[in-house]
Every structure is written in structure tokens, then in C-alpha cells.
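Below, chain A partners chain B and then partners chain C, in two separate complexes.
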Partner chain A sequence: MSQRLQQGFSQFRKNPAFAGFVLFAFTILLNAVIQGPGSFFGVRRLNTLIYTSLPFLLVVMAQSVLLLSGTMDISVGVQVALVNVVTIMTMQEWGLSFILACGLGIGAAIIASLVCWLLVSVLRLPALLASFALTYAIRGVNVLIMSVAQGKVPREFYRPYQSAIFDMVPASILALVLALLVWAYVRRTRFGTNIYAVGANPRNAFAAGINPAKVQLQAFMLKGLFVGMAGICLTLVTASGNPTQAEDYGIRSLAACIIGGLSFGGWGSMACGVFGGSFLILTQNAVEFSFRRLGVLIPGFTASTYWQNFVSDIIIFLGLLMTMVTAKGQREALRINLQNSVMFKRRAAHGK
Partner chain B sequence: MGNNIMRRWPALMPVAISVLLYAFTVIVQPSALNWTAVTSIVMLTLLLSFASAGQTLVLIGGGMDFTVGAVMSASAILTAAIMNSQDGRFLPAFGAVMVMSVAIGLLNGVCTVKIGLPPLIVTMAISNVVSRLQYILTQGSPLGYASPAFIRTVTSQLFGVVPSLTLYALVLFPLMFYILNRSRLGHQVYLVGNNPVAARLNGIGVNKVVILTYVISAVFSGFTGMLGAAYMQSAKCQMFDEYAYNSLIAVIVGGTALTGGVGTYTGTIAGALLMVVLNNTLTTPALQLTPPMRNILLGLVMVLLLILYNRGKAVRQ
Partner chain C sequence: MLEMRAIDKRFDAVVALKGARLNSSPGEIRALLGSNGSGKSTMIKVLAGLVAPNGGLILLDGKRAAIHSGVDSRKLGIATAFQDLSLIPTMSVTENILLGNEPLRAGGFVDKKKARQTIRELLDRFHIDCDPEAYVQTLTPSTQTMLEVAKAVSLNPRMLLLDEVTAALHYDEIQVLFQILRELKAQGLAIVYVTHRMKEVFEICDTATIMRSGETVIDAPVPELTLDDIVYYMTGQRPEVAASASEMDVAQEGETVVDVRDLEVYPKVWGISLKAYKGEIVGIGGLQGQGQPEFIRALLGAEKVATGSIDFCGRKLSLKSPADAVRMEIGFVSGERGREAMFPLRTVQENITAGKVAKGNVGEYMTPKSLRAFANQAVDKYNIKIGELRDPASSLSGGNQQKLVIARWIAMNPVLLLLDDPTRGVDVHSRREIHKILRQCTDEGMTVIISSSDNEELLDISDRIYVFYEGSVSDVLSGEGKTADRLVAAMMGMGAANQKGGDQ
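Now for the complex of A and B:
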């Protein structure tokens, strides 16, 4: 029994998501310890935490899809704002229903993703710089569509999103489950296999009969869908429109994926991204809470948000340092496995 | 043939485009052709090319340095705080800035080498921490001013025409050319960027070289931050943050490859000129561009520039 457990653990340690999981478990523990388990796992607080951080988590999932396929997009942040702006303005100016406006918002995210695909996969520009240039363009479009923050969402839509079903399960988590189901389905299709081949080495994938541009097109479409969902969720969180919000999501989502154990192409899984993103969210949550608690415990202790930001950025940096220990071991394991299988085949071929 | 010329003279194209852009600006608004405008373009170009000097070195060595902006802002804040509008405090400020820059550069280099993660992510995380430190140090408000004498060495006009910032260029440009083209380190950086494994097999301490490029980059950006403090007279948090991306784009537009091993500093200077002229054109009053339109155009032009130079190889070959 214990042997099997040990075996299972050593298997899990070789999993790409191990690094992210350790950090995730650590921050959950940290939160539970400093806030008290009853308080942190209480439905109300957990519900608020989940529905406010869901947009970011969905963006991280979108970024993970791109990283797996060997590209990236740092304009995802302004694309989330684009969805928000399109949804609110089509509802306000054209009198569309909220559902229809959401559809248009997701459509806008998919169009933005297609433009990025065109630059990165068809014109073969460096993904980092091309999407940085795109950040400027989309930011301009956002402000053209909506010059200042305005608009509102009908109450009957954002109330259910922010509530908990039967006072037990946060309703917002359904969006996350939906996104994960979509990914679980996609992962089982041919595309789900090809994305790893293209991410690891487009040239080899091409030689094996895969069209890299087509696979990346599918990846960008899926990413557009996730970013669209993130934009809708953000609209439901704030219940209004703002053209300049969520701009830092682009860079932060990239950091989350890398901390979770993804690398640029062909290595890792969606779980890496989800754990990495949760790590960032929970870190910020823990730091905010402990600063508030310190303010109550020590009279006269007023820590500015500057200190809070500093501490959470330090923790994120330490998280990156952690991957030095965890992720390197996994890549080593992968390399040894590959080597062994190649050696084994060679030996078999030579009849030894 | 055309390709050959571009490879031999990477600076040619950005300079040509800059001249065309400026000519276009002058046609649209004839009053743009005056000595003040030219001087301001020259000064901004010099600042950006100083800041991009280290970035060039790092990119040729196969890395990427996103702390350029944060280091510049932090050094500007230190300079303004230490000088506090009094003359004769250049050396303490310079010393503090250098200590900080070398420390951040070492951190960058050691972390990228040891963590083995993409330098983009590592340097960005460090740059975030440096930015947060600026807020803690200043509590969000400017701390003081650069000393009058130091400001004069940057902004006054020699013989009434040439901005005195060019005097710094007379020192920094040759220094950078020496490092890149004449020194042992420069050769090693090219080799490491081209093929780290081959470089290691040839007896080059690859890690040492990479760490050194990051330190040099931080030192250059730190010193540029001091000059920036004098140029702006006071210093705010994150005021030079855009230099992180701008330096990267200037270097890339100047013909340095993102993959490492290829690049010149002349190209970088030309790239910096192009970035500054482009900004100047987009803000020309006669064009009557609203800020969102300016953003959209800037994005489009950057994409066009990338298409001109930095396309990857086709998969089908």
C-alpha cells in the first residue's frame, strides 16, 4: 500500500504540473493559516474570491493554450477590455439584449486573436513584439469605442453570477468548469496532440505532416473564446464598462503560466497554467489580508498599498526561484525517459 | 542584392525611413522644421540609444533585459534624491546609482543563468520588484531635483547650437563600440549568442559572459537614468518604464536578431532615431490625431517595421 503511494508520488513528481501544484497548495495553506480555515473556506469569502479572480484565471488558460502551441500574446489584457467595451457599448448604443452583446464581445476577442495569428503565424513576426505592437492598436480601438468608463449591466445577469448556488457552490465556478470541459474535449481531438508537436518544433511537425499554421490558428481561436469568456466575466464582476482596465493581465498571465511550469512550447499542461494563476491570485489575497490584519493588531500600523505590492511581487519572484528546483527536475526526468526509450529501441534494432 | 546591402549596413534603412518621416512631418506642418525640434529629437535619440546600448549587448548574447526601464527610473529617483538641487553631489549620486545598477545587473544575470527560465520572465519579475521599491522609497511623490550644474551639462547648448548631451555621446558611443567590436568580451558575446554550446566547447565561460552582459546593460541604463533625471529635472516613479520596450524595439529595428548572435550598435542608434522621429511625427499638431488614433497608428507602424526586417524563416524550406 505504502509502496504504491510512494510510486504514485514519484509519478506525480515527474508531472509537469507538480511545480505549480506545490506552490498552489502552499498558498492555500498560507491563506488557511493566516485567515483561519473556517474563515477562508467560508462560502461567502471564497465566493467573492472566486468570482473576482475568475477573469484572470480564464486569461491564464487562454495564454496556456498559446504557450503550448509555441507562441504567446501579451495583448490579452487589452483584449479583455475590448470584450468589455464592445459588450457594454453595443447594449447601450444599439439597444441589443445582454446575451447578444456578449456574443458580439466574444466575436471581437476572436477577431483580435485572428489578427494576432496573422501577424505571428502567417507573417512570422516575433510573437512578443508583434503582440506588443497590437497592444497599442487595440488600446486605441478600445478608447475609440468607449472614451470614458460608463454603462451598466442588468441586475438579473450579474446577481446570479456573483451568488452561490444553494449557498454552497459559487455560480461563477461554472464558467471555469465550462472552460475546462472545452479544453478536456479539445485535448482529446487530433488538435490536442498536434499542438504539442507544433509547440515543441514546428519544422519537425511539418515534416511529420502537420500544418503548423493551421494548428496555431485553432489555438488562437480557442484562446479568443477563453479571452471572450474572461471579458464577459469581468463585465459581470464590475457590472460596468471601462476601456483601460485589465491591461496588466497580459504580462501577469505569462508570468503565471511560467511559474506554473509551462515553457515556451511543447511542454506542460493546462493544469500548470491554472495552478500558476491560482498561485498569483492567492498570494495577493494572503498579502492583502495579512496587511489588513496587521493594521488591526498593531495600532498605528499603516502600511501603504506600496508595501503590499512589494511583498506580493517578492513572493512571485520567489515562486520563480522555486521552479529552479521543481521544474528542472521534471525536465531532467523527461530527458532521461526519452534517452532510455531511444537507447532501448536502438538495442532492439541491433538484436542485443 | 537589396538584402545584402541591408545586412552590411543595417543602419541605412531606419535612417532612410526616419528622414522620410521627418520630411513628411515638415510637409504637413512647415513650422516643424526648426532648430528646437531638431535638438529635442537629437537629445531623445541620444537618451534612447544610451539606454539601448546594454540591451544590444544582452540581445546579441541571446538574452533579453526588461529591467532597463525600471533601472532608469530608480536611478533617476536616486539621483534627484541625493543631489537635492545642490551642486557638488555628483559623485555620491553616481556611486549610489552604480552600486544599485551592478546589484540589479548581477541579480538579472545570475537568475537567468541559474533559474534556466526565459530571460523575458525573470527580468520582468525583477523589474516589477524594482518598480515597487521606487514607490516605497518615495511614497509616490518626487523627492528632489537634479543639481543645476548637472542639469546644465545635459541641457545647455554648446556654441548656442549643439545640445551638450552630445558630449556624453562622445564618451559612451566609443566605449560601446570598443566593447562590442574590439574587446575580447565583445567577440565572446557574439559567439555565445550564436551558439552557446559551441562557445562552451571553445573554452568560453558562457555563464560568466552572459552575467557580464546583464551587468553592463544595467550600468548603461543606470547612467542613462541619471542623464534622464537631469533632462527632466526631477524624477517620478516608473517615469522611464516605457524605455524597456522602446529600447527593445530600437535594437530590433536596428537589425539585431532576437535569437542572438547578430547585431551592431550603429543599427541600434539608427533604430532609436526612428522610434523618436516616429513619435514626433505622430504628435505633430497639424495631423490632428486624437490619442486613440495615435495609439492605433503607432501599433500599425510598429507591425510594418517588424514585417520589414524581422520575419522568421519559413517552415517549408
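Now for the complex of A and C:
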């Protein structure tokens, strides 16, 4: 039993998601220690934490799909806002039902994704620059649709989203489970393996009879779906519309993926993204709490959110450094292994 | 069954194929032979759908076949094992072999159970000893090559193309491969086999097609050909009776500048000894990928030396980086101008003076006037055709760009200049001028080591030629022994060194 456990652990250590998992576990522990386990794991607080951070987590999943297929889109943040404004405005101006408006919102995210695919996969512009430029274009569209923050969501929709089922399980987590199920299915189809092949080496994938542009098109569609879901969730969190929110999701989701152990193209798994994203959320949560607590303990202590961001970003930076160290260790072990076996074979062949 | 007629292919100004043809019939193993750059690989790539020909006709069963992509090629029943491999290093063995061909069950799921069974059978058949779940990048090159072949065979093709797959294989693996090829042949597959190893041609191939500079020279059954014939068709020259004595140990006059002994650089260089004397041009020949670039980069300190020693001007050389080499007065010109040598967006002047700048102290002040004079002098001396000194270097033609890079190094007056295939993709005229420049330099006492994929160039310019084969020196040619056929023979591993020591 213990041997199997040991074996399982050494397997897991080689997993690309290992570093992300360690960071994730560390921040869970950190939160539990500074807030007290009873308080942190309490249903109410945990529920709030999960439903407010779910939109970001879904965006990270969307970004992970793209990174695996060898591309990226940093305009995902403003696309989330796009879903939000489309949903609210079609409901407010055209009198559509909330469900129908959500459908339109998701459609808008998919269309935005297709535009990005066109720029990146068909016209072959560098993904970083193309999607950066797209950020400003989509932001313009957002403001055209909705000039200032406004609108509201019917109570019967946002209340269930923000509640906990049987006072135990946050209802919002169903959206995450749904997204993970979609990915679990996709991963087991041909498209799932093709994503990895195209991400790692488009030329070889092409030689193996795969159409890289088509696989990336499918990846962008899937990412559009996830971003759409994120937009809906954000709308349910804020219960209103705001054309300029969530803009930093783009670059932060990229950071989350890299910290979780994904690299540009065909290496890593969805778990990497989820762990990386959770690490970011929990770090921020812990820092925010500590600053609040300091304010209580030391009378007159105030710190702006800039200071909070400063501290949490330093922790995130340290996390990034750690992934570099583990990745280097993995590469080095691989190289030595390979070298030894090559040398062994060559020496045998040369009779040395 | 398959017929390729009058295939033309040009890459910009370089003609890769002109009117090449190839036939293949079921139950036949056809050897596709030719020296470097004769167009064999391009022919294979045309059939695999990776290269679109500019002209010509491909007939399959008498019908015109349109191959525009890897998918088309597979649909026609053509499977290819590529020389540079088409495996995805970060995917598992199973995923790689079944890529694009995964067995499916209801709901579009990949059938893992069936996949596992297929893979196990395939690995057993090829005697490949590896974990089906291992990432391909963790396997040795020879195992990867076997997987590449297994992947092609697993598609159950009508036609199998093997592009130099045995280059990385070991003796026992080759025997396994040959056994499978014989089985496939008996099943009626058409097989096209590209190789540089003549022994294999006589062992396994039924017919041979020989190419020379993009043209098909001859189609013939293998039993009707002798080794001499094949070398003749490949080079256009009848080999004379093999030179009797090896010039391996010819004593040379003059001062030894470089003395390399038993150099090993993993995984490509296996015990190379080489000497270069003052004022000499030493050529390094060989087929592609026999360790030439690794050897040169080891001299430069860019590759880690495993064992062996390098003496430079009588002192032991231990370099940590190319910057150390520059300090020791060693210059390096790469064939890959874009990647390793040039700053395409910077001006001509900056490109010429870059090396001089790098050599001086960081804080050293250089007047614009002196830099301009320096650049002007280099441009005049080496006859580089430029518009203005302040034009970007990318505005020059390929040949002039290369002259620019060479001029940069020569201007620093190094003791030793290393060139790695410097004239790749350079037109004949510029090539001749580069040769002239190198000659001038050696007359002034510089030592030059040049590797080249062009045999004519090597024979033309080198005082002595070391021929590399599988990471060792298979022959050293100099003086009278410097002939095209001996060079080609040595490139195939039939050099004096190997004959003397017996085949591996």
C-alpha cells in the first residue's frame, strides 16, 4: 500500500501540473492559517470566494485551451466585458428574456474568438500583438454598446447563483464542473489529441494529416464558449453591466497558466491552468484579509489597494520563479537520462 | 502503380528538381539514390504533400493524383517516414503513432483500449522496447526513428516512403526493419527507400533510381548495377582505382595552429582528430548530419566537449562560450546568416563593425568617422555590392550578405576562421569571390576551417579535406588524392580509414 502510494507520488511529481498543485496547496494552507480554518472553510465565506472568482477561473480555462494549441488571446478580459454588456443591453433595450440574452452574450464571445482566430491562424499575425490590438477594438465596441455602467439582472437569476445548495455546496461551482466536463469530453476525442499535436509542432502535425488551422479554429470556438460562460457568471456576480470591467483578466489569465505549468504549445494540462488560476485568487484573498486584519489590530492603519496588489504580485512572482526552478530540474533530468542511453548504445555499437 | 513525371520544383532561385521522374510498383523496393542536394528528399516531400511542385504530373494507377497536403497523401494510401521525423516530442508513444488515425468508439471518444492493443502489437512487431505511455522526447534517436517507421506502417498504406531512416539506426534494428520490409513487400506494398548506405541497397532493394542535381539519371534493376556504376551516376565521373595509400598521416610543413585529438561531443561527434596548419584551408566534407556543425561549434566553445582535447597555437584550449573564442582570435561564420550571424535590420556599417565593437572595451570611444572609414575599407576590399553604408543589411543579396559577415570577421584579423557551410544558398559568382577572399587571408597567414555541403567547393578551395561519416573521420584527402569520386566514397563511409579499421 505505502509502496503504491510512493509510486503514485513519484508519478505525480513528474506531472506538469505538480508545481501548480504545490502552489495551490500552499495558498490553501496560508489562507487557513491566517484566517483560521473554521473561518476560511466556513460555507458563507467560501461560497462568496468561489462565486466571485469563478469568472476568472473560467477565463483561465479558456486561455489554457489556446496555449495548449500553440496560440493565445490576451483580449479575453475585454471579451468577458463584451458578454456582460451584450447580455445586459439586449435585455434592457430589446426586452429579451435573460436566458436569450445570455445566449447572445455567448454568441458575441464566440464571434470575437473567431476574429482573433482569423488574425492569428489564417493571417498568421503574432498572437500576442494581434490579440493586444484586438483588446482596444473590442473595448471600443463595448463602450459603443454601453457607454456607462448600468442595467440590472432579475433577482431570480442571481440569487440562486450566489446561494449554496442545502447550505453546503456553492451553486456557482456547477458552472465550473460543467466546463470541466466539457473539457474532459473534448480531451478524449480526436480533437483533444490534435490540440496537443498542433500546439507542439504544427509542421509535424500537418505531415501527420492534421489541418492545424482547423484544429485552432475549434480551439478558439471552445475558448469562446468558456469566455461566454465566464461573462455570464460575472454578470450574475455583479448583477449589472459595466463596459470596462475585467480588463486585466487577459494578462492575468496568461500568468496563471504559466505559473500552473503550461508552456506555449502542447505541454501541460487543464489542471495546470486551474491550479495556477486558483493560486492567483487565493493569494489575493490571503493578502486582502491580512491587510484588513492589520487595520483592525493597529488602530489608524490604512493601506491602499495598490499596496495590497504590490504584496500579492510579489508572491505571484515568487511562484513564477519556483515553476522555473522545477521546470529546469525536469529538463536536466531528461537530458542526462537521454545522454546516458545514447552513449550506452553508441559505445556498444563501436565496441568501446 | 505510381508514376511521377517531369516534376519541377524551385525554391526562389534554387532549382531543386527539374524534370525528375520516379516509378514504383507493388511488391518492389526501390532505392532512391543521389548525393547531397540531388533532390531525393524533395521528391519524397512532394509525395507526402509537404512540398507543392511547380510542374509535372503524378499518376497513381494511371489516374492523375492531386496531392496538396498530408491528408491527401494519406488518403491515397501513401505513408511516409521522414528523415527529420514527424513525431511530436511532447506526446506519448501511443498518441504519436495513432495521431490523426485514432480508433474511435461511440460518442467520438478515442478508444483507449483498442489503441493500447494496437500499439502493443506494433511495438512487438518492430521489437521496440519502450513504455507506450512514455513521452517521445525521452527516447533515444534510434528508438524514435523506429517509431517513425512503425507509425507509417501502422497506416496500412499501399505505398511506403522511407527517407534515410537507417541513418540513426543500429545494426540489430536495421535487421528488424529489413525483415519487416521483406514482409511488406511480399504483401504487395510499393516501397521507396532513400539511403546513403550502399550496402543496404544491394541487400534489400530490387530497383534503383539515381538522381543528380534535380534530374533523374537512370532507372535500373539493382543486380545490373555495380558500386562503381552507382558512384558514376551520382557524380558523373567514373571512379578510378581506389587510391592505395591513405593520406591520413601525411606530415605537413609549417606551424600547427589547431590540433584536435579524439574529440567527442555527444551525441554527434565520436572521436575526431584533426590538424590544421598555419595558412591552410582545411575542408570538412560529408553528408548532412554527420557531426560537422557540432564539431565546428565545439571548436568555438558553443558545444560542450565530452572528451578529447583541443590545442590551439600550442596551448590547451578550454572555452566556455563563443566570446572566449573571440578573445582567443577565433572567428566564426555560420551558413545560417539569418539566425546566427547577421543583424538584418541594422545598417551595413553596423554589421561590419559589430565584431570590432565586441572585441574592444565596453567603454572605449569610437568616432563615427573611424567606424565609417573602417566599413568603407571593408566594402572596397571585399567587393561587397551595397547601396549606402546606412542601408539595412537585409537590402543586400544573399551572396553579399554572406560576404558582409565574412568581412566582419576578417577585419578582426583572427588567427583561425571557422566557417560552417558559408555558401549555402549563395550564387556562383559571390561564392567565387568568397573563395578569393579566403585565399587572400590564408596567404596572409590566417588558418581557415570550412565545412561545406558542396563537394565541388570543397575540392576547389581546400588544401586538405577531412570527410566525416557518422561522427568520425572516414578519410582525409589531399594532393593527388583529392578527387570527386574518392570524396563521395568517403562520404558513404567507404573511406580509407574505415577500410583499414574494418567496417563497424
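Here is the rule we use: the second predicted complex is superposed on the first by the 328 of 352 C-alpha atoms of A that agree within 3 Å, B and C clash if a C-alpha of one lies under 4 Å from a C-alpha of the other, contacts with A are read in each partner's own complex, and residues count from 1 in each chain.
Everything below uses one rule, namely that contacts are C-beta pairs under 8 Å (C-beta built on N, C-alpha and C of every residue); 3 or more make two chains touch, one makes a residue touch a chain.
Values in this document were obtained by computation on a predicted structure and should not be read as measured data.
Within the superposed three-chain model, A:Arg188 lies in touch with chain C and out of touch with chain B [touch as defined at top]. By the touch criterion defined above, A:Phe206 lies against chain B and chain C together after alignment on the C-alpha atoms of chain A.
Once the two complexes are overlaid on the shared chain, A:Thr323 sits against chain B while remaining clear of chain C. Once the two complexes are laid over each other on the shared chain, residue contacts for A:Trp267 go to chain C alone; chain B is not touched.
In the superposition on chain A, A:Ala197 makes contact with chain C only, while chain B stays out of contact range. Using the contact criterion defined above for the overlaid structures, shared-chain residue A:Ile258 touches chain B, although it does not reach chain C.
Residue contacts after overlaying the shared chain place A:Leu125 against chain B, while chain C stays out of touching range.
Of the two partner chains placed around the shared chain by superposition, chain B is the only one that A:Val143 touches, whereas chain C remains out of contact. Taken together, the two structures place residues 206 of chain A in contact with chain B in one case and with chain C in the other.
Interface residues of chain B facing chain A in the complex, by the touch rule stated above, are 111, 114-118, 120-122, 124-126, 128-129, 132-133, 135-136, 139-140, 245, 248-249, 252, 258, 291-300, 302-303, 306-307, 310-316. Within the complex formed with chain C, the chain A residues making contact are 185, 188-190, 192-194, 196-197, 200-201, 204-211, 266-267, 334, 337-339, 341-343, 345-346, 349-351.
Remark: chain A residues 119, 123-126, 128-130, 132-144, 202-203, 206, 212-213, 251, 254-255, 258, 263-264, 304, 306-307, 309-310, 313-314, 316-317, 320-321, 323-324, 327-328 touch chain B in the complex. Touching chain A in their complex are the following residues of chain C: 48-50, 69-71, 73-74, 80, 82, 85-91, 95, 98-102, 104, 108-110, 137-138, 140-142, 170-171, 266-267, 270, 504.
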